[in-house]
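Letters A, B, C, D, E and F mark the chains as written, and numbering starts fresh at 1 in each.
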Amino acid sequence: MHTMHLRLITIVCESVLEERLTQTLRRMGASGWTVSDARGDGARGVRMSPTPGENVRIESLMEDRVAEQVLEHLATEYFPHYAMVAWTTDVAVVRGDKYKEGGKR
Amino acid sequence: MHTMHLRLITIVCESVLEERLTQTLRRMGASGWTVSDARGDGARGVRMSPTPGENVRIESLMEDRVAEQVLEHLATEYFPHYAMVAWTTDVAVVRGDKYKEGGKR
Amino acid sequence: MHTMHLRLITIVCESVLEERLTQTLRRMGASGWTVSDARGDGARGVRMSPTPGENVRIESLMEDRVAEQVLEHLATEYFPHYAMVAWTTDVAVVRGDKYKEGGKR
Amino acid sequence: MLDVLRTNLLSPIVLAFTLGVVARLARSEFQLPKDLYASLSIYLLFALGLKGGVELSHANLHQFAGPAGATLLLGALTPITSYLVLRHLGRFTIPDSAAIAAHYGSVSAVTFIAAQTFVTSMGTPAEGFMPTLLTLLESPGIHIALAIGLLQTGGGRPVGETLHEVLTGRTMVLLVGGLMVGVLMGEPHWKAVQPFFEGGFKGALTLFILEMGVVAADRIGDLRKVGPFLFGFAIVMPAIHGAIAAALGALVGLSVGGCTVLAAMAASASYIAAPPATRLNLPSANPTYSLTAALAITFPFNLVAGIPLYHAIARAVKGV
Amino acid sequence: MLDVLRTNLLSPIVLAFTLGVVARLARSEFQLPKDLYASLSIYLLFALGLKGGVELSHANLHQFAGPAGATLLLGALTPITSYLVLRHLGRFTIPDSAAIAAHYGSVSAVTFIAAQTFVTSMGTPAEGFMPTLLTLLESPGIHIALAIGLLQTGGGRPVGETLHEVLTGRTMVLLVGGLMVGVLMGEPHWKAVQPFFEGGFKGALTLFILEMGVVAADRIGDLRKVGPFLFGFAIVMPAIHGAIAAALGALVGLSVGGCTVLAAMAASASYIAAPPATRLNLPSANPTYSLTAALAITFPFNLVAGIPLYHAIARAVKGV
Amino acid sequence: MLDVLRTNLLSPIVLAFTLGVVARLARSEFQLPKDLYASLSIYLLFALGLKGGVELSHANLHQFAGPAGATLLLGALTPITSYLVLRHLGRFTIPDSAAIAAHYGSVSAVTFIAAQTFVTSMGTPAEGFMPTLLTLLESPGIHIALAIGLLQTGGGRPVGETLHEVLTGRTMVLLVGGLMVGVLMGEPHWKAVQPFFEGGFKGALTLFILEMGVVAADRIGDLRKVGPFLFGFAIVMPAIHGAIAAALGALVGLSVGGCTVLAAMAASASYIAAPPATRLNLPSANPTYSLTAALAITFPFNLVAGIPLYHAIARAVKGV
């Protein structure tokens, strides 16, 4: 099986950011994303919605270069203000071209 | 702590496939799986259910060899027709024997 | 982008354990966690709630050393009795200090 | 007829549907929580079954054979006419033709309920056994259409699996099960649960249809992809099926209300049982076609204009 | 008695349970959305509490002490008899015996509700303070059984934690809280919320029990694992506890309806509060045993045959 | 007045709120499933809109201009007074002052409903067009406060986006949409859905408010962080806004009931539309301040003491 290496970025954040962040991912070159509902606790402990602890967990496969830029952007624009964590993982995918910017869509 | 390396395969796909794919995983030798509900957007953008964007996220720990076969199978049988992505990650588990085919169940 | 390596521990278990395990994570030094609802099947196949297959999926970023201790603790205290799997992954985070014990909270 | 149309347009059902559409077109994020939508649909189907069962226990069963036969005939006819028109006039691929035909060969429970509500408010209630007919019409059309598609392409997974899925799906359990519970429990027990299952019915339906408006409008962007042929098909085919069903209903002795409801059933397209069955069995069919046609064209057409039209046809063929 | 059994078998509650079982046995995927199930249970418990509270404010409180004492006695007795029988006759391990005993020492709110509904429809309504007794019976049995298990094995986490969990669990908040709200608000305010909390009650219960049928049937495959002893236990023990409770109820002056409901409570096994408590405190106990016995054997037994049986016993001991 | 307070304290609404608070303070894990909470809020808003629409179709519309003007005036005034007090007396930062002002400039639908229920039970029902006023009051205050905040700090995302989000949010779709459906459908159609949307209203409200008690109590721990100034603000400011609104209402000819409800609206603080809007537009504002003040102080204050107080003021200014 011919596989290809990509980065998976996982962002856990206040659910109010879902729409904005997925649009940002698209704009920065991600070919897609997957979101699920989550709850959690962290350093900040601020409660940002009437029903506390409502987070979303956003995952997106992308090239290393794009992942770098996304992390950079998150760190500058979002980390100072919002309850949020983000990490990246090395993963292998089949038919990785799909996830490249300008790749077949 | 004695740990062992395994592959974690993550499949995000149309929710209609949940039953069929978990059965396939079992048949191909996975000892178990974990499913959660998700939503998302990708290259295909087809809407396959009346309520759009309803995906499932299936995770399964397995040996490298089994993971290879599962990816192969997905790529041939499912990728051409269904909205779906799949990736694998290297992970470490405790008491890995449990996840081997024919391992203690 | 300056990133740092950490371990992400993922625990999938009976939902009755959520409260107890997140408290344990905190006590052992994790700076936070993220939980989502899941369902699944595994080796044990016991049904521990009236509505079967209700699991939670707990993720927590931590230093390698803490992850070791957590795995150790799970393996001794929980694995023998509860339906549960756990694995760890190498991930990269931005501003990793936040996740260190005694790190800025 | 115009009066009837106006009354229909100002019914809570049509207004709620319109509200859902307008909200979505105004790019509102509003939608019912997934579980509320599912809960309402469970409630509606079970209430429908229970009430149908209670009425069935009073119904004149020797009048039932004719309508049952007519229904099964429609269940065999409508997927075939749909397939032929799509494949040979519309030049759709075999899988696409079969997939769309599976939707139009089956039935939409909400359209059925809307028709029941309509004829009752018109003073021409339908026969007590109509929900039983609904259960007869749901499954055959899907299987006939899928069989055509699979025979033509020569693929396919075991037919038993699909049959089992549809026969044990939510709609069947709640409708058939509800019917049986209703028949068995009889009037006094029904009285005890009536406030819940009958008192709340129309309000719950209104809320449910509000979401259907949102979901339908969500697909308006796909109307372009669907093309003019399918657009026309999704209006003309239901009208033809409806007219045939109304006539057939009159033939087997149904009342005006019964003919109208039977017509609405034949004219309607499934969007609950058919989509997963076609998705799993005909994966190369494009689901955008069938779902957009069923949800964004045929459903609103029936709701707004179709049901009053079938009522007029039924009155005409019954000569009243 | 046969007549009563037949009426009971054709009640919406028993029919809905049967429908759920049949659907599951036919391998249907049907089930209520998780949140609907939880919502119905919240609604039922709170409605029960409110109505109980309103009735409590009219109740003759000097008649309350006896029944309350009897209830607490049953809460202490039933876990002990259960434990002894399981451990010494059934030869179960200590943790398994204690875990099962915790379930049978506590109470199933749905069985209570079914019993209330039954005696009302029999024309022998129970006392207004019965929901208060329900709250007294839920917790002690769990703690006594767990204490036995933990003392015998010498492990365990702080008992305070478990006590706190059960006392502040959903059932307690809604029942005790509802009772208080009901007592305080009085009749006129109750009238305003009655259509919601009383009008919808039986219908909502029917839907809830439909899902219980599915859940119970889901465990039928586990009946083999449970073995013949536990199978017999799950029918005979409730019958014995029920008979003792009916006699005790008569002794402290309860009416026929009250005796029946008290018997159903004593006979029933918890499947909401007990499972998490035993799972966390006696992790080496096999949850398949307790849940299968409580849900798939005792619950349907009580629903179908137990409640009418306790009613007959109550009539006998009351001499009517 | 004391009598009124007592009646209010023993209403299901206040009792349910108290129960939620007590349960949370006893560290109970009890809460409504997320989807049930959302479903109840959808039901309440839509029912409110529908009923308001039906009443609006009977209402004397030439009496509507004055109250509408008064409402818009309040929508402009309350965020400005709030901002000035917070910034200059309270010494909050610009973003924090603006964010809190956005909450107090908008309106809490549940407080509105509680006030409607209260005046009806007092025998002084409000005008039929009150829900229309509610829709007028929701949005302006948020935008004015955010505009102040953004102008002062000079940042911000396109104002159109926020405007769009609030105008197409759940509250607006259900209230405005419900109003229109209600106006259009008229009495006979309303009768058909009334058991669902009116019969269940107060009960559903009780359940909803139970959860609000839990959510409010959840923030009691944050009261320390909020500080004495904001604590005082969250009680005194609403009282002042309420008094102004009651007087203004009398001036434009509203009845005692209408004045009371208008006062409750002006006094209330939004916790549905305002939080996401401020979170996205003023990210450096601390959400703990605004949410704790709105939910844990102002909401219970209005529920328990504010509404009866505004009623007394309204009676005084109307001279009855």
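In this section, contacts are C-beta pairs under 8 Å (C-beta built on N, C-alpha and C of every residue); 3 or more make two chains touch, one makes a residue touch a chain.
Source: prediction; values computed, not measured.
> Counting hops between chains that touch, how far apart are chain B and chain D?
1
> How far, in degrees, do you have to turn chain B to put its CA atoms on top of chain C, rounded to the nearest 5?
That rotation is 120 degrees, given to the nearest 5.
> Averaged over CA atoms, how far is the centre of chain C from the centre of chain E? Could you give it in whole Å?
About 36 Å, centre to centre.
> Taking each chain's centre as the mean position of its Cα atoms, how many Å separate chain E from chain F?
Their C-alpha centroids are separated by 41 Å.
> Taking each chain's centre as its mean C-alpha position, how far apart are chain A and chain E in Å?
One centre to the other, that is 47 Å.
> If I count partner chains per residue in chain A, which residues reach a count of at least 2?
36-37, 89-90
> Two-or-more-chain contact residues of chain F, please, as numbers and ranges.
Each of 29, 33-35, 39, 195, 199-200 in chain F touches at least two other chains.
> What are the touching chain pairs in this one?
A-B, A-C, A-F, B-C, B-D, C-E, D-E, D-F, E-F
> Going by the contact rule set out above, which residues of chain B touch chain A in the complex?
So the residues of chain B in touch with chain A come to 10, 12, 36-43, 55, 57, 68, 71-72, 74-75, 79, 85-90.
> State the interface residues of chain C toward chain A in the complex, per the touch definition above.
1, 3, 6, 8, 22, 26, 31-37, 61, 89-95, 98, 104-105
> For chain E, which residues are in contact with chain C within the complex?
Within the complex, chain E contacts chain C at residues 34, 37, 215, 218-219, 222, 271-272, 275-276, 279-280, 283-284, 286-288, 291, 295.
> Within their complex, state which residues of chain D touch chain E.
Listed in rising order, the residues of chain D that touch chain E are 33-35, 38-39, 42-43, 46, 164-165, 168-170, 172-174, 177-178, 180-181, 184-186, 189-190, 192-197, 199-200.
> Can you list the chain D residues touching chain F in their complex?
10-12, 15-16, 19, 22-23, 26-30, 32-36, 39, 121, 195, 199-204, 206-207, 210
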